[in-house]
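Shared between the two complexes below is chain A, which has chain B as its partner in the first and chain C in the second.
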Partner chain A sequence: MSELIDGMLLVFNLQTMLVIVVAALFGVFVGAIPGLSATMAVALLVPVTFYMEPTAAIAAIITTAAMAIFAGDIPGAYLNIPGTPASAAYVSDASALGRMGRVRECLGTNLICSVIGGLAGTLVLIMVAPSLAEFALNFSSFEYFWLAVLGLSSAVFIAPGSPVKGFLSLMVGLLLATVGLDMVTGSPRFTFDVPDLMGGINFIPVMIGCFALNEVMKLYASRESASAAAKGDSAERHPQTGTVFGKVPGNLRKHWRNVTRGSVLGTLIGALPGAGADIAAWISYAVSKKRSKTPEAYGKGHLEGIVDASSANNAGICGAWVPALVFGIPGDSITAIVIGVLYMKGMNPGPTIFIDNAEMAYGLFTAFFVANLILIPIGYLAIRSAHIFAVTPAKVLMPIILAFCIVGAFAINNSLTDVWIMLACGVAAYLLASSDFPIAPAILGLVLGNILENNFMTSMIKSNGNLLAFFERPISAGLGALVALIVLFPLFTKAWLKYRKRPALQSAPQGGR
Partner chain B sequence: MKDLILGLLFAVLGIAVIVMARSFSTIDGLQYGADLFPTLIGTGMLAGGVLLALSGVRQMNRARAAGEIAAQLPRPSWTVVLPVVAVIGYILLADTLGTGLTLALAMFMLFCSRGVRLLPAILTSVIAAAIVTFAFTRLLSVPLPLGPWGF
Partner chain C sequence: MKNDDRNGRPFLLRPFRALLLSALFTSPLALADYPERPIQLIVPWAAGGGSDAAARGIATALEKELGTTVNVVNRPGGGGVVGHTAMASARPDGYTLGFITGELNMLHWQGLTKISREDFTPLAMTNYDYPGVQIAADAPYNDVQSLLAAIKEKPKGTFSASGTGLGGIWHVAFAGLLLDQDIPPDQVRWIPSQGAAPAMVELAAGNLEIVPSSVPEARSMIDAGKAKGLAVVSPERNPAFPNIPTIKETIGSDYSLGEWRGVAGPKGMDPAVVEKLGKALEAAYKSDTYQDFMKKQGFGVEWRNPTEFKTFLAENDEYMGGIIEKIGLKK
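Moving on to the complex of A and B:
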């Protein structure tokens, strides 16, 4: 009990609360500006959190992420441009509501759904994580090896896009993770006699390069400015009436099933390694449409899908922390960054986190509640002053972000080598992303590479090279089977699509579509 | 076309990784050493690269059979190199000019290339550089390279 109170005190003090408020404002800003994603917000924040107390640092990250995911809805409703990829699923509905003059109602509902989704995800995290951790105490290197493989393979095979490209992206991440002194033999690998590389590649410059520099380059690669896309018929030209929260209770009462479903689905998808808030939003929007009585209204200004998906993306943010805290396996790219921060702060993720660091774990849970509740006042202010985000063009922001990238990468080790690493990774990420390679598997590979290799080598040495040993313990066999299922997932979907297509093709001539 | 080139590049990188891994040391009495994991990664890269290259070839054949000209992606504007130039410029010049001035110059260049007007460009780059430099050197005490003028 005293640990619970101590943990709460870590959050309820002036300094941490101030950090949370500033982080919320930062999150609103980054999330609401199209082209800047929640992951980028967190990546830019990390060099600053380096100098904070552990709880304040983690609270800042949680708040920024939750806030940015909500704020992504604001330009979606006003300008028909999603602020973050997680808001893309329902942007046509939100902007249609905007054109009807219902922006405030739509965003108010969005905000409350985001808060409910986030709180639901937090409750799941608090209830599931400690018991899962107790169970995970029995895990040996075999189970951890399979967990790491599970995380990596779902990033490659479940995420949309080409699995081959996802796999290659993953290999790049794993290769980067091998740089530095080898754990088993102590010999240097791929260091090219650069002393700064002996300790391995720090993942923060990589992250800044992949998520921030990459975006800056994307803007400078485009021929016309992004704001040109917003020139169409957007909500700004229509008179907006109504209060922000006036119609929310009625909407929630009408769609409470959707809120519940979105929250549950979002948490589950978020907890799945490799799938984050954006996939959670897309899937729950699709499920909502499928189960709705009025699927034809979707995409034309229907609140139902918005309720589902905006609860789901904030729930996904919290769900992703379950595997991150319990196993040290990130659920999405934000928690991949978080795991690095946790290690830096001496709060090593893994099943023992609730025993060794109970106080900090309770502090973290408290921070989740506070972060989600602070969404309400700051989100309200953001909705009322939304026009600020519309007048801040990317061409003014991107150079400033670049300056942050340089200084932030330098600040991690106070060395210019990290700025080179940031540059190289940014350019590589830009080139790969412009050929439709997903970037998240590379980040997961870098973060999980050492866990994967160490547990693999330990297992190999323990079993004397007998690969069958990986399937001898019941849990590890189960996890292995799960990995096999995930690897076969693209085949299943292909078969399913073929099966679905056949009747559709037969009815096509009559359908006349 | 892009897939073919990238696939081949990955295959070559995979071979290079495998070759380099052969020189990593092993401990006597252990069958597996520092080379095992990089060799597996290299093999994965080689296999994935070959698969990607093959699918690239298949795509090109299909496009040719259908008599289509390969879809022309919009070529990126040359300004895409500017952020890269800015970062390299910082790395090379920060020690002599100082972080503040180098950042301001880098941002000014980027503003101008996107058609921000002169006065706002100068003001924004100077103020932003001052804030970033002050915040990191004074508030976070990061030893950023400072020029002869101390900023």
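Moving on to the complex of A and C:
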């Protein structure tokens, strides 16, 4: 018991609390600015944590990550530009709500869902981390391959509009993912002797280009909005109504199943090494759409998918700590950085971390709770002050966004090539979007392309080219069957409907029940 | 122009570089004042990894010695190609330094870059990590002798190992160990991975037999009882893991090959700046800040001054080239 109190004292002191508040503000800022991502926020934080107490350092990282993932929703709702990749899954819903004048309601619900997701992830981390991590270790390249396939099929599925165009867009993403040094043979592909391309195309500059730059170009390309921008009456685009939290209880009551499902799914996906908050958000959005009674409303300003996915991405952030703490295996790009910091602070990850270092572990758990709870006041302030996006004339706002796009694309790897990639992708995305191609599948294709290919290739090497190996392990076989079901399900239903057509007509009165 | 094609933007940079070069020759460098502004240290690996930690350790100590800020800048990607290229093409004014790693002497043999040790001014070697031989905790081998004997006897491909991509440091180091024991390197199948951490996961999942990474990289899994360390491929035991014997003790081999890391600048640095940095780096290396930091992490420390580092690089380069050729990865 005294360890619990000692652990709490590590967090509830002036210095640590101050660090948490500053980290939260930093997280809001980075997350809310299109082009700057959560991973980048944590990477920027690493040198600063060198000078901090261990608990303060970890608390700073937790808070920044949680805050940035939430804050990524803000520009999504106001400007149709997701602030972080984890918000990209539901950006079209959020921005549609924004156009309807429900931007505060949407963000308020987002915020509370994020907090619930984060707390759920934290509870899982505290209670079942060792056994969950043990389970996650059963996932090898075979299982990750199926998981990537599942993610890719969800991309086509959730894309609004024509599935064929969604599929083509996905292929563009997969093509971009082949650029760089092939992990298996070590030979460079599509690098054109540019050394920076050897590392492949980083998806963050691509995302910035596809969403942010695309949006900037759209504004100036259409004559109407360009003249509107010139007049500076952008406030009309976002009529401000409602309070931040006013409608939240009602929405939560209506969608409590989605909150639960998103939190559970997010934590589980986050806990798998190699699949982070981004993929958690995509998959839960797809699941939500599949299970919804009104899938046709998705992508047009429907709150349901947002509830699922925004619970999932914050739960995923916490879930990623499970393998990181128990086995020193990163669950996502943020915990990859965290593990280095943990070692540096003498908190060596391992199943005994909760026993050997009980005081520190309790401090860490307390930090998780505080970080997620502080989301509420600071997130509230952020939503209120996000009004600035609405009142700033577009002709002022858009050039600033463009500047941040360039900074963000450069800063992720300190590479000028990434800026060019960002610009090229922005132009390409603009052309694709103006022919009604959805952009999101391309991003997911780029994110999952490497996971898919590397895991397929290593599995093939391991099994000496035997394709049946993908069905030999129990979890792998289960995931494979699920994929097969998803792909074949529409065919079955079609065949079934055809078969049932005549009997169905005869028994019409019963069928109408 | 060898320098231009590796930059990939020849048209843009050619006039610039000439301009910079002429500026260098005409303006007298105020050496007495060096350093008068912050120094940038490029790390060719991502933030949070082992190389990043080792670089930040020396950067913090160097900051104290020079009294100026040393900014660590990560330039990951392409198995080290991206970062090493950025360092080599920087201005040799002493304000952009790089944290070069063993891959510098490996990538060019595999035809992945034209950058080699000759494009750098070596300043100080600060760290050397030796590989270990890690296997799953429930594997039937309890010492490295029986493992190597089994590798030799059983049919080709019975054993799989992983820890880096194809031709990465732990692949080459492990293949070198097999060659040293007169075992053809292709007896063990190499499964490429994106680093030691995913390989340790596969080891625990029972999909491969050996992870020849450095011991600190395997530490959490060893502590978790998922893996065991059979030996370290180094002249002496790792003080952080005193229970793991060396291969000298177990199989009497003098073979050792690991990942070295150190500070270097671009080719053509002013000798006076080199001398000043060499001294500052030596003091930084010897400082308690650095030594404690490295000890805590379980990283190996080894010192070489600018001249020694240069000689070492040349020898290491030849040696690496030999092994890479023998395992059939030379291009």
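In the analysis below, the second predicted complex is superposed on the first by the 279 of 513 C-alpha atoms of A that agree within 3 Å, B and C clash if a C-alpha of one lies under 4 Å from a C-alpha of the other, contacts with A are read in each partner's own complex, and residues count from 1 in each chain.
Here is the rule we go by: a residue touches a chain if its C-beta (ideal position, glycine included) is under 8 Å from a C-beta of that chain, and two chains touch if they have at least 3 such contacts.
What you are looking at is a predicted structure, and each value in this text was computed from that prediction instead of being measured.
Asker: Report for A:Leu132: first if it touches chain B alone, second if chain C alone, otherwise both or neither.
Answerer: Once the two structures are laid over each other on A, A:Leu132 reaches no partner at all.
Asker: For A:Gly465, select first, second, both or neither according to whether it touches chain B, chain C, the two together, or no partner.
Answerer: It touches chain B, and chain C stays clear.
Asker: Check the residue A:Pro399 against both partner chains and state whether it touches chain B (first), chain C (second), both, or neither.
Answerer: First partner only.
Asker: Contacts for A:Thr185 in the overlay, against chain B (first) and chain C (second): which applies, first, second, both or neither?
Answerer: both
Asker: Applying the document's definition of touch, where does A:Leu4 land relative to chain B and chain C: first, second, both, or neither?
Answerer: Touch partners of A:Leu4: none, neither chain B nor chain C.
Asker: For A:Val46, is the partner it touches chain B (first), chain C (second), both, or none of the two (neither)?
Answerer: After superposing on A, A:Val46 lies in contact with chain C but is clear of chain B.
Asker: Where does A:Asn414 make contact in the superposed view: on chain B (first), on chain C (second), on both, or on neither?
Answerer: both
Asker: Once the shared chain is lined up, is A:Phe167 touching chain B (first), chain C (second), both, or neither of them?
Answerer: first
Asker: Looking at the overlay, does A:Gly200 come into contact with chain B only (first), chain C only (second), both, or neither?
Answerer: The answer is second: A:Gly200 touches chain C but not chain B.
Asker: Touching chain B in one complex and chain C in the other: list those residues of chain A.
Answerer: Of chain A, residues 50, 184-185, 414, 457, 461, 464 contact chain B in one complex and chain C in the other.
Asker: Under the stated contact criterion, what part of chain A meets chain B in this complex?
Answerer: By the definition above, chain A touches chain B via 48, 50-51, 164-165, 167-168, 171, 174-175, 178, 182, 184-185, 187, 189-190, 213, 216-217, 220-223, 225, 395-396, 398-400, 402-407, 410-411, 414, 416, 419-420, 422-423, 426-427, 430, 432, 434-435, 453, 456-457, 460-461, 464-465.
Asker: Hey, which residues of chain B end up touching chain A in the complex?
Answerer: My answer: residues 2-3, 6, 10, 14, 17, 20-21, 24-27, 30-34, 36-38, 41, 44-45, 48-49, 51-52, 55, 74, 76-77, 79-80, 82-84, 86-88, 90-91, 94, 99, 103, 106-107, 110-111, 113-116, 120, 124-125, 128-129, 132-133, 136, 140, 142-144.
Asker: Would you tell me which residues of chain A are touching chain C in their complex?
Answerer: It is residues 43, 46-47, 50, 137-141, 180-181, 183-186, 188, 192-200, 202, 273-274, 326-330, 336-341, 343-344, 346, 348-352, 413-415, 417, 454, 457-458, 461-462, 464 of chain A that touch chain C.
Asker: Quick one: which bits of chain C touch chain A in the complex? Just the residue numbers, please.
Answerer: Contacts found on chain C: 5-8, 46-50, 52-53, 56, 60, 72-79, 81-82, 85-86, 110, 112-113, 157, 160, 165-167, 189, 191-194, 197-198, 200-202, 204-205, 207-208, 219-221, 223-226, 293, 296-297, 329.
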